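Pasting the structures here.
Both of the next two complexes hold chain A, though its partner changes from chain B to chain C.
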Partner chain A sequence: MRASTEEGEYNDKMGILTNPNTDDTNRLVKLLQGKGGAFGLVCYLAGIVWLIFLANADYNLGTYFSENALLPGLVVENFDGAYYAEEFTKELFQLDTDYNGKIPPHEFEAFFHRLGLVETELQNYTITDLISKRKEDEGTGTNVFAVLRAKRAAGTESIVFNAPYFPKNKQISRRNLAGIGIMFALADYFRHQVYWAKDIVFLISEAHLGSLAWVKGHQEIMEDWSSSVFRFDNVHTKAGNIQASVNFIMEATDVCSLQSKFHGINGQLPNLDLVNLLNKFIVLDHEKRPDWPEADVKKLFSFMQMQSTGTPSGSHGFFLKYGIESVTLVGKTSKNCKARNPVSYSDIGRILEATFRSLNNLLERLHQSFFFYLKTTPNRFISIGLYFPPIALILFPIALKAATIWLSKQGLNTTRGLFTLMGLHAHAIFLRWVLNNLNWILLPFLTTAIPGAEIRTNVFASICGGLLLTILSFSIFLHWNVEKEIREAIYCFCLLELATGLYCLALFNPSLVVFIGVVVSPLVTFLFFWDMPEKQRYWAKALLLSIFVGVAYDWLGLDGLIYFVNKYYYESEVYGNFLFELGWIGGGVLILGVFIGGLI
Partner chain B sequence: MMLQREMGTVVGCLFVLQLFHACLLTVHARDSSEVFKESLWIRSLPSGHVYANMEFVLTDLISRHDPDHSRLFPRALLEILNAHNVHELHYTLTQGYWRLHSWGEVENSAPTGAQISAWFASLNETEADNNWKGLTSRLSGLTCASLNFLDKATSVEPMYAYRPHKNIRGVKAPEKLFVRVGHLPRENYCTENLTPWTKLLPCGIMRGISSLLRSKQVFNTHYHSAAIEFYRLEKGVKLKLSLALVLDRPRNPRPQDNFARTVLGSLALFPCHLAKETNVRIWNVTGWNLISPEEINSLKVMDIPTVDVEQKKLIFTPMKYMGGYGQEYGEVIVEMTNHMNDKFLNVLYVEVLPWYIRPYLHTLRMEVTHGGQKLPVPSGDIFHYTPGQDRKLMHKLELDVSIPPKSTITAKFMVEKGHLKWDEYPPDANHGFYLPAARFEVNVTNEDGSSKSNTHKYYSRILLINLSTPDFSMPYNVICLTCTVVALAFGPIHNITTKRLQLNVVVSRKDVLKRFWSKLSRKMVDDDVAEAAGSDVATESSSPLSTTGEPSSSENKVG
Partner chain C sequence: MARIGWIFVAGFLARFCLFLTNFHKIFQKRVEISTPLNSWLRVQEGLFLKGKQISPYAGDTYHETPFTLVLAECLGGLPEMGVILVFILSDILTAIILALAVEEARSFYLMRSQKESKYVAEAKQLEIKDDENYGQYVIMSYLLNPFCVMNCVGQTTTVFGNLTSAVAIYSMLKGFRWTCGLSLALAAYQSLYPVSMIFPAVICIYDKEKQKQNDKCWIFSVAKTVLAFLVPLVGFFFISRNISNDWDFLDRTYGFILNVRDLKPNIGLFWYFFTEMFEHFHLLFICTFQINAFIYVIPLTIRFFDEPSLLIYTFHVLLAIFKSYPSIGDVGFYLALLPMWKHLFPFMQQKFLVGCFFIATAVLAPIQWYLWIYSGSANANFYFGVTIAFGTAQIFLLTDVLLSFLKREYYLKHGMSKEIDGKPAGLHLR
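Right, the complex of A and B next:
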């Protein structure tokens, strides 16, 4: 009896809950309309504050090793070839002057042969100027590498030791000759050790681009030689499955501090274990203390700035795409370094030896530790579990606004709204194509019209033309008299897409999303949508938008804009750095959509 | 008295021994057709290493070889081979890879890991599969290698490659000869594999050429490969055991450095009297130089002439690798290079892929390059492909190409990397998966296509590739979490569902009589003091859950 009465009550309650005619939704809508903006603002600010707090050592995590097979610090480093390293460096400096600043690759090969590494190969690459695409503007380079085969292994696994050579650098001390010298000394030392379980590839890549050519030539097959702007030979001496790569650069002959670099293309990061491994060897004990909090925030900011651009911070960035965990060890110099007790070559050699021996111990690929993290100091990190909630909070107002519109406006014209949105997207894609191709379509005309003008200025002119076209076409949208229902639908869908897109992007590149979110989130939600008479609101928004554009322009400047456009055009063509562009341009298109929807 | 008894025992023993010896002699006399020859080849490699190849050949050229009686043949092996009607068997267990570019031409080519191929007589396909499974399982026991993993799903039946010896014994009508090949690329060569292999030798490891073997040194080589070959010929049987080693040569040998001690790490060669011949040969740039077995004991490292780099005359080099990035697709690229100046090479290329690497055959492209120029692709006679089935059959491709002199043929095709079930991953799942080596059967041909020499066999490197691998720590976390949640939830839920709340009367202590009465009658007598308590009524009487053993029913009182 009792059970049946309970069931009856239950059903009644369910009926109340699911009844669409109840006032509950209206109450929620009223709450959202009344307090939604304030709540969104609180979320936004809380997200930013939370993120800043994460930089503090009290709120983030200390680094640790997840992969026990690395056994860092357990090996006793025996490298004693500092004298040879210095001799090799001297010899390389002599060669560099003999050959007028560019040591030919066969000299490097001769070095390897002298060290007893017979399995060597040269690899050429060519990069055509992206804009002119002329034969005269081609740059070429040659990589040299040698493979040290592990005694008992069947050549299935390997580690890459890369010391890039920068012959184009004007200062001889910055051509990384010291780095190559230390690598030769280590190659000599490594060859006589019996413990190697993985092959070691000693690579002298010509500039950072050489590393890209090498890894592409080793992991991919060049299909069509004629069409590409970046052409390279295939690497024939294969080194099996590359487990990790360590890049090494000495910024001067005498260095005073060592640094690890690890930012890859599109903000991709290597496994944290590898970064920790190198940091463990290079960070001295007294440096392990967390600094004052402001410095940590600055460090976090610079990390995020670096990651958000999507530009790799060195040769290591090119390896990550192929699943090869990679870091760069950089020897940094400073004023009066020579007087201030520089780091000895034997210490540097031992750090590298320890790194390689630890990597040699690996049984599996580096997979245990984090791939998504932010770092402040070498011994602290912010894992994805820590940084994602504040990012979600920063973006939350966008989703909240979309929900408010969806719930409050009955009878949105969804079909026509969606079609308009699709039109907007198609338009954006078309314009992107125009921007990408306008320069070389217009280039011949411009060079004839303004003879003697620099190519890049012409390119900029054509890009400006493309941008003008964009703004014109969008202003047609702006003056288009659309019905209120459609506008609201566009507004709602744009916000939804923006929120979804940014949340997805945050999985790949959190830093980029933080910067986009901090700008875009207030822009599309509360900044423009306070209560104001229609006409005043329109002018206020126009004013704000122009201020925003003005500030952005002022910050970048004309040169900055040219630089940015060239840089990203180049990077997306040569090694596929596209997330930065996608994030900002996609965000921009959707902001315009929001304006079309909510502004008019 | 005691002495006499002891003497008697000794005499008796001697008599028994003599009898035994006499028996042995008769067996010896009857079965004298079994011949055992052992030989050792020593050669310097162009890279400066020393190559040592030991061969132990047992032949019995009587057509009706009695399997139950053998003097020298290892009975353990023969029984297996007879039980499965094996007519030809090749088994190799190899550590390392023969580096053609540094070491020159290979003599007995073997792929890294364990490989076994056999021709055997069976009635039909099903019986052949069973026969093969039985053979690999039993050989697995004999060799201590994981050959038992080779069954129908992990082996292939080649159509054109792995042809049998030309004098192999035929079979009678209802039976047919079947061939099966299996390769385990991940198999390591350890002492546990070397010991059973040496036990197959008539003299074991203590005598004969094998007395030069020291396991410490065998496993300190750049390459070592043990092989068992067996042929059931028209006339008799032949068994060949061989071991190839690539050893380090001291960088600056002193004149007094003994070869056996410094390079092989052994004391000396002790003669094996069962061997009809014991040959030791040393390569002296122009030819093989035969020395007597005793001489090896006094052989110096300096006595082995070094070979120039120009001496390595390469015929053919294969290269196989996986291109591309990501865990969804890849491209298998095979480069076959003809190093001959004027001869064509006819190559039968055999590719076997596990089921989870699915080749897209329509993407197969061939390309011939000759010093940077592209040549037209010559068409071959053989193109045989059997697609695999998930978890049942491997993919197999056999095709032949003719490589012009000094040219390279590149064959490439796209593959899809499949997804495995979580329990199909090997231990150390993130290490990756090994792909078997490709096999190349090479015939040197003239312009008119006529071939005169023997078929050379080559193997590519094995490949280590990465498939998408789940985070195996995650299931562990989930299991831990679920167990905790279930454990925490089980107690209260079980209590609530199996017990009923019931009012129990607690009578004041003083009223002894009332308490006594209530105990007797179990009736509510008075509304004195009442409290709720969990009673075991339901648990004892009706609930089927009571058998699961609720541990703390009396402690979990509600109230």
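Right, the complex of A and C next:
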């Protein structure tokens, strides 16, 4: 846009005039051109090293309680219902066999009534969903819940105690009957205490999705788009404003260790105070290991791996989505757990009691502590202020490259470049649309054509078709010749867009951005500057492109694509792959732009 | 010509398609697009109240002038598609008028550079070229600018505000005194802040008259222009009084604008400051902030007395930054005028930085909003961080335009060499 091409002299002069007054700027440009790549590389490596160092206890922070009102550990826990817990569990197992694997909701309701909790309600929900990744989540379900009204206050606030029930699980021990049994014992115990200032909701949600139905039913959240796939009754027995929720799952009758889970949808995390609270009780009472490995990169990595998928690690994800702080306490089992002295029910009960009594003390919503953090061990964390600089460094080469191109290249055809970029995006959206609809068109056909075949195979087949189409249309770009000025502009804009997108994504899901950044940052900045003969260059780019497309789709796996198959939001709400998809696909589209700019 | 046609088609289709989708409703509720002063939903509420024989200003929802209500009443008679078309067509009309205005400004500079004898010979290459079509760029950047598209699809009354402003700019550059006065009065009556545009209007019209007859008395010309502005304005007030039966509307509109009574977040700088501030300092800071919106008018008018089109541009940018309820419609308006300074682009140093800021803040704002309002993990500080970065970027853009304007003038007069006594020298905006 700067100058027309006929006037070479004008061009040169304008080059000087771009920075007419400051020779400093010219020096900067020269420096960027000469040393920019090396500097970017240094930043990239420094970022990675820094991030690894953060896993070390010397470089991260120790957890502490920001919310004074929680007063953790101040009360003496008195829960003495371990015997009842075991009795209830046995009874539930008996019921389970009586009813052939699915205890009807009214039995749970009867339990609550027996405990003296008369305010109960059933809530039904239905998923009319073609392809659900988790088989146990399909179909219909019924949530049962009871409300224990606060004795000490007006009951304007409440806490949810959720023990999900998994009737469709093949293993009887994994149906969380022990968890429900312990909850009943606690409900019995809680009912006789006088200190409750908040309503307590005892919820038995059927499968993880039951929690979502319950939250939506309780808050009466109605969205047009979800009503067709996900239907649920509204809840009429209302508790107060929900301050927090604790989910509880026992993976077996006898558990050997306890674990807190807190990863929400799209990398959302609960307030760190709540996580600390549960961890404190678990660690205080049960993890009596003398030495925590203080520098544990592996733990950090597994945390980031979990967060980067954007999938919730339990029912708490659905509470978090609606702004209710939530964690899950999971009882973990191992092979010879019974021999290894399992955690007693009274200890588990006391942890939960302590948690609820702390939450009962809350004076306002949990807001004091961090919402953005990475965790290594239960008593260490990396706050946003600590992890953002290394992430910024990892992504910095992208922005630096864009700046270098902009400042040093004369006569970028910005207008054409912008339009081409828009076209590229339109192309990607169109392909998505095709892919999406292709699945819908192909799906019934495939189901009839290959009777009895698993639905996932069919989806996979149609996805392969879509993928082929994608690669074909991408390869058109390979043959496409564009002027140098436009290419450089496209390259620059793509880098900018990529950098912006990733920096913004880092707010939601830093882990995902780290993984994307580590792959993409060197790919788009360092790899594209070989001087190659035309023919080799063509093959190089074809190779790279196909590798990239393959890897990206492979990485996405079925999750990301099923999200599109299942029409936009619903799956994203449930499995939270939206950002995951956005991160990789957006990155992919932009990398394609970079290919065009840097290679063709 | 065919290219412009395609731009029109693309602009129309972009708006029309988005109108038909769900985005229409989403945009209507976005704080960046709809402020209390331009939200169409609020206009509907005012209309409803009026229909029930209640004052539209009752209920503290409707804060626009009675004229808007009359307009909405007229539009209410149309079918839904008609209303949509009115919005889109007035956006297209704005683009055309802006393009004409920018062409006018360009021909003004072209004429001057041909006449000017002070310019050195080597400055020839810096001159604006005859064959460049600035208008096309303006149309493109108004019709395809995402800010303008969202503003139109969000159905804000800023669409009409921009139309009046565009007419005012065009007519003042053309030297049409009464059209200018009328449209300027309408714009000022609508949203108060365009009142500062009277300065460039006076200068422009006087310049035009001087071209025709050299011995024109400036006092007479200025007085006539001011009168052309004030008479319709006062007329509008009285008509409004008749429409709404009392003078209440003055407080409910201009009082609302000046006192910043609604602290709903927007892209401006007021809301956060006034939510955080102690109540008894309210008046002091209201005065400080509102003076800030107008105070630059006088010094800039003095400094750039000969450059009314630069003044027009500068004031529009300042207005979009410092007004109490800015929306991205205002930002889109002055961004569309940016091609007017195409000949300054080579001199601008912050283009890249400002561009990055604009992109980043545009993406970050909805994200921070989501994190603050929906998921509850972030807070108001995060969102304000974005709005203040946006404000900073806009100020960077403005200073960049001003500085590069001065630079170009310097080079035109002194040539390209940048040496004083044999040493390399630098230019600074002072």
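The rule is short, and it goes like this: the second predicted complex is superposed on the first by the 486 of 600 C-alpha atoms of A that agree within 3 Å, B and C clash if a C-alpha of one lies under 4 Å from a C-alpha of the other, contacts with A are read in each partner's own complex, and residues count from 1 in each chain.
Here is the rule we go by: a contact is a pair of C-beta atoms (placed from the backbone, for glycine too) under 8 Å apart; a residue touches a chain by one contact, two chains touch by 3 or more.
Nothing here was measured: the structure is a model prediction, and the numbers come from that model.
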More chain A residues in contact [chain B versus chain C]: C
Touched partner set for A:323, first chain B, second chain C, both or neither: both
Which superposed partner A:504 touches (first chain B, second chain C, both, neither): second
Contacts of A:372 with chain B and chain C, given as first, second, both or neither: second
Touched partner set for A:111, first chain B, second chain C, both or neither: neither
Touched partner set for A:403, first chain B, second chain C, both or neither: second
Chain C-contacting residues of chain A that also contact chain B: 321, 323, 365, 367
Residue ranges of chain A touching chain B (in the complex, touch as defined): 118-119, 149, 151-157, 219-221, 236, 238, 240-241, 321-323, 363-365, 367-368
In the complex, chain B residues that touch chain A: 47, 95-97, 99, 101-102, 112, 219, 221-222, 319, 321, 323-325, 327, 331, 333, 335, 412, 428-432, 434, 461-466, 469, 471, 473
Chain A-facing residues of chain C, complex: 125, 342, 345-347, 349, 352, 355-356, 359-360, 363-364, 367-368, 371, 374-379, 407, 411, 416, 418, 424-427
Chain C-facing residues of chain A, complex: 1-3, 9-10, 13-14, 16-23, 25, 268-269, 320-321, 323, 365, 367, 371-372, 399, 403, 406-407, 496-497, 500-501, 503-504, 507-508
